[in-house]
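Shared between the two complexes below is chain A, which has chain B as its partner in the first and chain C in the second.
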Partner chain A sequence: MPATHHVFRAQLTSARRREGFIFFLFGAATYFVLLCGAVVIGTIVVRGAGTVFQARAPFINTTFFTEAPESLHVFQYQGRKMELGDAAFRTFEAAHPDVAKGKSDSYVYSAGGIFPCIVGTVLLVVGSMAIALTLGVCAAIYLNEYARDGTFIRFVRLAILNLAGVPSIVFGLFGFGIFVIFFGWNVSLLAGWFTLAFMVLPVIITASEESLKAVPKGFREGSLALGATKWQTIIKNVLPYALPGILTSSILGIARVAGETAPIMFTAAYVVRDKLPWQVDKFSDFFFQGVMALPYHIYVVSSKIPQNEYTERVQYGTAFVFLLIVALIATASIVLRNRLRNRYKW
Partner chain B sequence: MVITAPILMDTLPSAPTIRPATAPAPAATAPAGQAAPAAETLIDIDHVDFFYGQSQALHDVSLQIEDKKVTAFIGPSGCGKSTLLRCLNRMNDLIDGTRVAKGSIKIRGVDIHQADVDVIELRKRVGMVFQKSNPFPKSIYENITFGLRLQGVTNKARLDEVVEKSLRGAALWDEVKDRLNASGLGLSGGQQQRLCIARAIAVEPEVILMDEPCSALDPVATAKVEELIQELRTRFTIVIVTHNMQQAARCSDKTAFFYMGKLIEYADTRNIFTNPANAQTEAYVSGRFG
Partner chain C sequence: MEASSPASHLLVNKSRIRLFGLSFDDCIRVFFGGNAIVSIIVLALITYFLFREGAGFFGQNRQNLTVYRQAGLEYIDFIRAQQDDHTALTRYLSDLRLRQFRHYTQEAKLPVADANAKLAVFDDFAGQFGDTVEPIRTLVSDLTEQASAIKEKFTVMEDKKEERRQLMAEGRKGDADRVIITPVNFAEELKPIIGTLPAYKEASAEFSRRIEQVLATAPVLPTPELQVRMDRFKQLTREYLSGFPAVVSHLESWDYAKPVPAVQALTSFIFGREWLTASFWQDWYGVIPLLVGSLMVSAVALLLAVPLGVGAAIYVNQIATPAEQKFIKPGIEFISAIPSVVLGFFGIAVLGQALRALSQASWLSWVPGFPYSERLNILTAGCLLALMAVPTIFTLAEDALNNVPRAFKEASFALGATRLQTVIKIIVPASLSGIISAVLLGLGRVIGETMVVLLCAGNRIAIPDFSAGLAVVTQPVHTMTGIIAQEMGEVVQGSIHYRALFVVGILLFFLSLGINYVAQIVVRRYRISIG
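Right after this comes the complex of A and B.
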């Protein structure tokens, strides 16, 4: 115990104690959220790894990434337990006619891979983000640069914000009503693109407007004072600097577009489809075909078919791949954003 | 480019001009807004009332700005001097609810608020340098060529030539000639402001408006910009808004003193600072208020 008692000596007052407690509470909340996230992702990775990776070279289950879903046939043959996909089973059957006599169980979607779903999801994300960014950036430019602030514009902004709170299933039904039925596009990529785009538009418009607002006024004035038109100013001296911010918002949009099941279940997604999207007779058919998609596939294999150990593999494997794909697309956008950000720094 | 000795430490009454005064000085007792309209009047501001929404910022302001001279606007904050400056290239159009309610502003006899005036053409002729230096987050080269590219100039040789000429004109060439492709934002504050001046003169305007160009600069950088103004005065008509009375005294030919949206006195700079006709002007320039 120090002998000197000076005025600044630390004391454990009630204010100090309360502060310590509050900090502990905030910290605990943060780490609890972190823990939840880690448990979710950890479960999917651990249980999905069995499907995605394998013990033999090349260590990645390429079939899972490159094949379409098949039925799995499980049967006893000469004392051994065999697990074969549809195609392999037929070949095996032809070579060993005695199999048919044995008892064979088949499990739908439990063999093969999820290649068509990956392709479908990527197509849906790319198409809908292209539409959403085009419309969203145009709308944001109009709202921030051209429109005069008034009651009407404030109402428009309010409407956009409210749109962000509409449940995705409502967007799904809206898309079904407008695009699928009224426009007669049927269940198609095009209908899915627009439905998903409308779902993320509010987020993109709001974030784009914020990014445009963040561009210093001096850049606009400097450009206008040199005799630029408003449009020249926007395109050369405002939008390029706002792009990194717009891309940041679109990264969140990508995760939502890729992940939502409800908007596409009526508008774009097929439970199963044999043809791949590029196997179309003529070019225009490309836009009017339904696709398989990862979130919808997860929904199907985990609630629409009988559950057993074989379907569980597909469920976790698909979820794992799904996470990977979303992470991949998001990483690509982040890299793009950072490159833009380094180019235009102020 | 050789820069003459800084005139930074000059005190008030020193003669601001390098060259001999051409026009005879108007009588020191001339009432506000009555400076003799000479043949060389470039900008004629005639009884202008200006409003931001409901609040009036300028009250019946009249003054004539002469060609190839430096005119300074001084006065306390909120006196309307920047507002008037921004009227001259219609930058106020960008603010909702602003209007010139009465009077006219004529440049070379053309009313700039006339319906058939293209504000883009006006701004090419009347350039502007802002209070806060605003180089674009592009290279020095791209900053200078921005205005020309807008006009569709793509000839590399021509652009190169303009870049060098403008940077030399802004006394910046020697400092940046080896890094024209570096970002304009990498320059120091004073260099950034001179880059903005170079960018403004690259489009060959007739008038350069300067809105407190040195308010964010240190004394050394300020001195450089002031020297630059001395050099530019032979080629351009310069209108400068400043809070710094010494600056107005040092670098302008004529000075207009504003107070509460009114033009109080407009005369030769020498007269304003040594022998002001108006008691308010005298109180302001001698530092008793404002």
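Right after this comes the complex of A and C.
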């Protein structure tokens, strides 16, 4: 007699069937969401891979990563269809004067690469995270180590909660109003750094506080009992154990900073800029220059130029590279967090 | 006493350094505390700077409305409204023609030429009806030129005043005195415009007489349904005609010198149904189309995201096996990491077209609004925003479900409830406050989202046509976040348009604060006490 036919087997009643059906619906909702995410990522990866990788060695389209965006010229020459970037087109035109007579279509930003955008995004992320981490970790130390419950602390926590809900475009307006206009920094790295740092501050504070909370009370009490001051306790016995947690949780903040477009639209991003950030006359100019940034570049190429087979390459390619960077950051955060959970067990 | 003093000196050696009367430890404490205040300061600064840039809007808008009145634009718009209503009626007629045409070609199976021949009488009628407005139209176009000229004069005067003020500020009094300002005498300038009142009365009477005449010749339509529409048209026209005396009384009682109340600068923003900028005639800054756009897109997004997000949370928390949980949770977290601009790009490049193609499939033609032709609309943006809101709702709702004590579940099982009954009747109600606040925070995220709506909502500044029923979701809209992102880069600093965008930002800021606040209240007040 098979095991499934024993006497006490649950009867397949209508209630049970209904339960199965409704649970199936919940499952379907879950997997549908995952599927949608997979479709979005999959489409961009598949189409973008064509731009980023190539069949010949070195298999990666190096010009796409190392050059600035250019206009793409598409024209007929001696019965052949030619596609050349702006610079190459000029030299070609000089060598073959008869080209100028033929019809030539040009598409902005569709040739060359996205090197300046990558550089700009990296600079924006590094600067704003440095500011946000300094402010955020210190605030979290105060909230977790020093503060006693009271009106003031309630206000601080309320402010943090509300700050987390402020729309990113409002941060953009705020940054524009205070840094660009009031402080007169114009559209600059510095303005972008502070705007992004304030935007991500609640994330950092919450993450840091959680990591500090995870350090057992005994560590502090032991240190204090040995005669150390509060400050010595924090710097020697709390922070070292909390820091890995703070850093990994903050990586999610990095993903947010790298991914936001609205706050940098009026504070730090240029549509196009010929010079690279380090090509400045004097050192202080470095902080007061606008940069190109990946998310803003995606916005520009997807809304300001028409969709066709020539522009598609740069659109999908940029989106792919951007997604890859953000995905790497997010994966690193998830993996590190899981590993950390297993490492410290008190 | 003598003996204890050196001993206490040995013990308390921590606070030797003092700064402003604070020990070293106190200083550190103050330093950290200072960092904690930053979040309050930032919140205060956001409020302050939004108001600093935006507050000037109301004064400028009042000025804007005052000029609208003083230059006689308001006067002419009374007559223009009459003309516009007539245009709406002719549009009704052309819609009726389309329906008849469809009736002839599709149901009666007539060739196109025959159908057109049958419609000749109707076309004649519609043409005559359209021409009746001629006397009014001529009048309006004359008046428009005159009023524009007055407004232009006023603008020139304002520019001169500004120039003079700047010269004075630079200390060049001589140059400043040379700037000649000729004040605009509105009473004098408006005389010819107001003087057209008798002519208007005549034209209006002529207009109404002609309409009556044409209406009497209205053709009989082939089917009862169409005839009902024709009768409706006649009724609408009669109502339209009965509104004429009101226009005359408006014009007679109109006074250019009547001051614009200060509160109207605010109400014309909050209740204004038009957002019209850089117009040759009159700029309007009414937030309603943008607010409605934002709300519509959010409603669609939440309608999709709430069942998916809450369903997924219940599944992961109550039903899924540990192995499933291990990849579903990071998977959904991963979706939340997709940058919004990438989702927006996906909407433009793929989803917009895919949804339109789907809407044109014949087996889906029963869905309201299908098929549609606008690739970027509320639906496209709503779908993408739903994908953004799902991770927020999922994570928070899952937390809420997780906080329900095990004992609740065990007690339910012990009483003989099935798993479904336990989930629906015990677990979900116990965590309902958390789930509602999750949905509210999801709403906050969706309403404040910029890039997706900027790229995918279609960016048409108009209140969607709600008479279309559910099909309204296939119309393009513009949103509050989108308009800031789109127009901020192009406006002149300090202009009324610039300030209007900041006021939209203020509205958005307080809207999100309000949503946040309600979410917190819900969690705190309606939490089932767990004890």
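Convention: the second predicted complex is superposed on the first by the 298 of 346 C-alpha atoms of A that agree within 3 Å, B and C clash if a C-alpha of one lies under 4 Å from a C-alpha of the other, contacts with A are read in each partner's own complex, and residues count from 1 in each chain.
Just so it is clear, contacts are C-beta pairs under 8 Å (C-beta built on N, C-alpha and C of every residue); 3 or more make two chains touch, one makes a residue touch a chain.
The shown structure was predicted, so the numbers you read here are calculated from the model rather than taken from an experiment.
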Identify the partner contact of A:Thr91: answer first if only chain B is touched, second if only chain C is, both if each is, neither if none is. neither
Scan A:Tyr241 for contacts with chain B and chain C and give back first, second, both or neither.
-> first
The chain contacting more residues of chain A, comparing chain B with chain C, is C
- Message: Once chain A of both complexes is superposed, is A:Thr229 in touch with chain B (first), chain C (second), both, or neither?
- Response: both
For A:Arg148, decide between first (touching chain B), second (touching chain C), both and neither. first
Pick one for A:Phe176: touches chain B only (first), chain C only (second), both, or neither. second
Considering only touches as defined above, state whether A:Pro216 meets chain B (first), chain C (second), both or neither.
first
### Query
Which of the two partners, first being chain B and second being chain C, lies in contact with A:Glu19: first, second, both, or neither?
second
TODO: Have a look at where A:Gln279 lands relative to chain B and chain C in the superposition and call it first, second, both or neither.
DONE: neither
So the chain A residues that chain B and chain C both touch are 229
Touching chain A in the complex, chain B uses residues 89, 91, 94, 96, 120-121, 123-124, 127-128, 130, 132, 134, 136-138, 146-147, 150-151, 183, 185, 196, 199-200, 203
Per the touch rule, the chain C residues reaching chain A in their complex are 14, 24-25, 28-29, 31-33, 35-40, 42-43, 45-46, 49-50, 52-53, 307-309, 311-312, 314-316, 319-320, 328, 330-335, 337-346, 348-350, 387, 390, 394, 418-420, 441, 444, 447-451, 454-455, 481, 484-485, 488-489, 493, 501-502, 505, 508-509, 512-513, 515-517, 520
Residue set of chain A touching chain C in the complex reads 15-16, 18-19, 22-23, 25-27, 29-30, 32-34, 36-37, 40-41, 43-44, 134-135, 138-139, 141-143, 145-147, 155-156, 159-174, 176-178, 181-182, 198, 201-202, 205, 229-231, 252, 255, 258-262, 265-266, 295-296, 298-299, 302-303, 307, 312, 315-316, 319, 322-323, 326-327, 329-331, 334
Within the complex, chain B is touched by chain A residues 148-149, 216, 218-229, 232, 236-237, 241, 344-346
